[in-house]
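Two complexes are shown next, each including chain A; its partner changes from chain B in the first to chain C in the second.
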Partner chain A sequence: MIQEILGSQLGLSICIICLGLAVILTADAYCIYFERKVSAWMQDRYGPNRVGPLGLLQPLADGIKFILKEEFIPARADKILFYIAPALGVIIALVGFVILPIGGRVHWSWMPEGTTLLAQGASVDIGVLYLLAVGSLTVYGVVLGGWASNNKYAFYGAMRSAAQMLSYEVPLGLALMTLILTMGQLRLEGIVTGQIDSAWNAFLHPVAFLIMLITALAETNRAPFDLAEAEQELIGGYHTEYSSMKFAQFFLAEYTHMITASGLLTALFLGGYEVLPFSRLLAGVNGLSWLYWISTSVSPWAMVLRMAVFCGKISFFIFVMMWLRWTLVRFRFDQLMRLSWKALVPIGMAIVVVQGVLLYFGRPISWISTAAEIGILVIAAMISLLSGKPITGRQLSLVEDDEHAIRPSKTPVTV
Partner chain B sequence: MTSLAQSAGSLSPGFGPILFLLIVALGLAAAIMLISHIPFKLRRTGRVKETTYESGMPPIGDARRRFNVRFYLVAMLFLLFDVELVFMYPWAVVFFRTAKTGASTDWAIPFIGNAGLTGFLFAEMAVFFAILLIGYVYAWRKGVFRWE
Partner chain C sequence: MSLDWKQTDIVFVDQPALGAAERLYLPQIWGGMKTTLRHMFKKALRDRTVVQYPEQERPLRVEIYRGVHRLNRDEDGRVACVACFMCETACPAHCIHIEGAESPWADREKYPIKFDIDELRCIYCGMCEEACPVDAIELTPEFKLVGKSREEMIFDKEKLLMVYEQTKNLKPRKDPAITGYPETGHRDRVP
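For the complex of A and B:
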């Protein structure tokens, strides 16, 4: 029975989905714990340490508290939308992870010789597009939440968040476009095996990787892009009026998005489940052939190791996100919009053009796209330095002689 | 790897598992909703408590008032760019194949034939991209990206 389920593709997929859901829901709770621990370490505090050893039962206590807290709905709120918004956020967040290529191909010992199964939730032709589509639905949960609350702070938070997510989706799409022009497919597991055969996309497309890293932070509403919930300006932003499990649902959605975004970064740019880059070349080195074995073997043990490697890379990215949160200050809204439309979009367009032209000429040298992208970055840096207007500083009003216009300060504000 | 991939029994899972996950996620979201509606919770309400929290000030007017027109501009620009990007994704896949093999084996365009297909695809997208670029520069010069 178990052999039959594991031996069929649909059965294996559903098993992996159920396992993935359980892991993600637990990981969400522990992400909040680690968020608090990491912030405590960075600020020389202890962090949560009362509930259980090292405070490890803190997520459980938080969960019980969330359930027992009073459910509050403001009188003038739109009741139906108020209920729908957090649920929508959670649903959209949870359907994203399914196409991440976490396991590669596996062959069980009871299966006929030479047959393999794909150890991942779902495999679709349009993998990258699917993640983009699901990712852009995120904005609905936030906007509906802000709109339904009928609270001015929540409303402004939702508007900001919508503008931010829409703006950062454009450079994200452009950065992914360069990847498609290199890999020639949208299937995520194909992109991962392509990277194992050649090199990680982070080396081939350093600029696209940077853009993707920045937009991943913006799309998940993480610091320094957490304007939607800027505590000092907007109280809680779009979830000001939410309490009890509805509030918890927004957090669940946010942390699930962090996991999915990290998984996407891992699969697209950091070789997915490959342990170290260039393991195909390293396989020739004595004592390192296991690196390539993990990446390509169909044995179940290799699959488990691959999943572990993938999860390890996701954890690394989540740590980086927490690290950035306590290192960088939050952007001002005009800086945020300018960073997207005046810096990331033109650079993204430039790398797409360069990749298209290189592909037209058959991409003669393997490292040429790396060199071209670094060249674009240098040119962009030169332009922004020589133009004398820092991208983060205040700009002149359109109406130059307006006495209320904000003048740029002598020392430009840089973030 | 490819020989294994093409062998029998390795049918790729399509959208079926995604539908399964969607249903599970719906159930999960509903369950989370219901779990906080346990009956013995203390509930007290009043006129003041039911107002929205705006830093202790009595809320004045409705929150859904007019907001800055720039948000609409951003939404329109996003639509412009995103629809073009969606068009570019299939182009990128087809262009990759024709550029690698020299010509498409699946189909050919009338009057151009197979030989010049790579050049044709490249030129088409170049024109398309140029129009997008003009729109982008226009928006920039119009000051759409200026936020103060």
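For the complex of A and C:
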């Protein structure tokens, strides 16, 4: 019976989806614990250390607290949307992970010789597009929550989030376009095997990787792009009016989205489940052939190791997101827009052009793209340095307009 | 001819010009990330900085700490307050409520028959202590203040005197104590 279930593609996929759901929901809770720990360490504190050893039972205590808390719904809130919004956020964040290529191909011993199964939730032809579509839907939870609350702060948060999402979809799409041109397909597992055969896209397309990392932060509403919940200005932003388990659901959605975005980054740029880059070349080196074995073998043990490697890389990206959050301050809104439209979009267009030219000459996977992208980055830096100070409208009135200067003259006035 | 104080007191600070690395932003981000990463692994600094509160406590700054109030007793064991209402007037949070009455003692005119402080309303600014002409009301270093109801947190005269009994060893009444009231009811401060 178990052999039949695991031996069919549908059964294996359902097993992996169920397992993935459980793992992700638990991981969400521990992400919150880990986030608190990381922030505490960076600020020379201890973080949660009272509940259980090392505070490891803290997520459990938090969960119980969330369930027992009073659930308050504002009188003039749109009740239906108010209920739907957090649930929608979680659901949309959760459907993203099914297509992540976590396991590669596997062959069970009881299966006929030569047949293999794909160890992942679903194999979708339009993988990257699916993730893009689902990823941009996550803003629905935020916007609906902000709108349904009938609260100005929540509404501001939702509006900011929508504008931010629109602006950062563009560079994200451009960075992905580069990858699609390189790999010639949208299937995520195909992109991963392509990287195992050649080189990780992070090396081939460092700038696309950078853009993708930045936009992933923006898409997940993480600092320094967390304008939607800017607690200093908007109290809690879109979740100002939420309490109890609904508030927890927003958290759940945010961390699930982080996990999905990290998985996407891993699959697209860091070679998915490959342990080390260039393992195909390293396989020739004595004692390192196991690297290539893990990446390509159909044995179930290799599959488990591949999943572990994939989860490890996701953890790495999640740590980087936390690291950035507790290091950087939040962007002002005009800075946010300037970064997207005046920096990321032009650079993204330039790398798409470079990749298009390479494709025209029949060499989509080539180290020329690395050199060209670094060149583009240097040129962009030169342009920004030579074009004078980055002056916003507000600073302009301070510096140049002497007659209407805001600050008084510097010389002490004698009476 | 004198300088306008408003102009001379103002210090104009120019925003420092941004260098190349700062304008490119990414090098500065990396610099900041290095700092946070360095602090992440400084366990010794963490252990030195953090006070694990219920088990450890920071040394109390007895002289200047502004915790729960107390009503002092003079050397005869009488309540030192003369019901002058200065603290009640000075209190910005309006948390002190005094009812005065004719004093049974010859050396002062009034004494409080009721002296209530709402410790929940109090903002612990210490204005009452400064306003008091006889140093009867003082703030103690005691900060562990708990109660199960709002009524419980309104400290009356007996409770405030009790706080004095409990804290007089930790923080004795000011020396020289401003207590020896002359017959007139007016006291000359001991220099």
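Methods note: the second predicted complex is superposed on the first by the 387 of 415 C-alpha atoms of A that agree within 3 Å, B and C clash if a C-alpha of one lies under 4 Å from a C-alpha of the other, contacts with A are read in each partner's own complex, and residues count from 1 in each chain.
The definition used in the following text is that contacts are C-beta pairs under 8 Å (C-beta built on N, C-alpha and C of every residue); 3 or more make two chains touch, one makes a residue touch a chain.
Here the structure is a predicted model, which is why all the values come from computation and not from measurement.
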In the superposed arrangement, does A:314 touch chain B (first), chain C (second), both or neither?
neither
Under the stated touch criterion, which partner chain does A:9 make contact with: chain B (first), chain C (second), both, or neither?
first
Would you check which partner chain A:45 touches, where first means chain B only, second means chain C only, and both and neither mean what they say?
second
Looking at A:324, would you say it contacts chain B, chain C, both, or neither? Reply first, second, both or neither.
second
Contact breadth on chain A, by residue count: chain C or chain B
B
Residues of chain A that lie at the interface with chain B and also at the interface with chain C:
none
Interfacial residue positions of chain A with respect to chain B in the complex:
9-10, 13-14, 17-18, 21, 66-71, 74-77, 83, 86-88, 90-91, 94-95, 98-99, 105, 111-112, 114-118, 120-124, 128-130, 136, 147, 149-156, 159, 162-163, 166-167, 169-170, 173-174, 177, 180-181, 183-186, 193, 235, 240-241, 244-246, 248-249, 252, 296, 298, 333-334, 337-338, 341-342, 345-346, 349, 352-353, 356, 359-360, 362, 394-395, 397-398, 405-406
In the complex of these two chains, what residues of chain A are touching chain C?
38, 41-46, 323-324, 326-328, 381, 384-385, 389-390, 407-408, 410, 412-415
Over in the complex, which chain B residues touch chain A? Could you list them?
1, 4-5, 7-18, 20-22, 24-26, 28-30, 32-33, 35-38, 41-43, 47, 50-55, 59, 62-64, 67, 70-71, 74-75, 77-78, 81-82, 85-86, 88-89, 92-93, 95-97, 99-100, 118-119, 122, 125-126, 129, 132-133, 136, 140, 143-148
Inside the complex, what are the residues of chain C that reach chain A?
1-4, 7-8, 10, 12, 18, 20, 23-24, 29, 32-33, 35-37, 39-42, 45-46, 49-50, 52
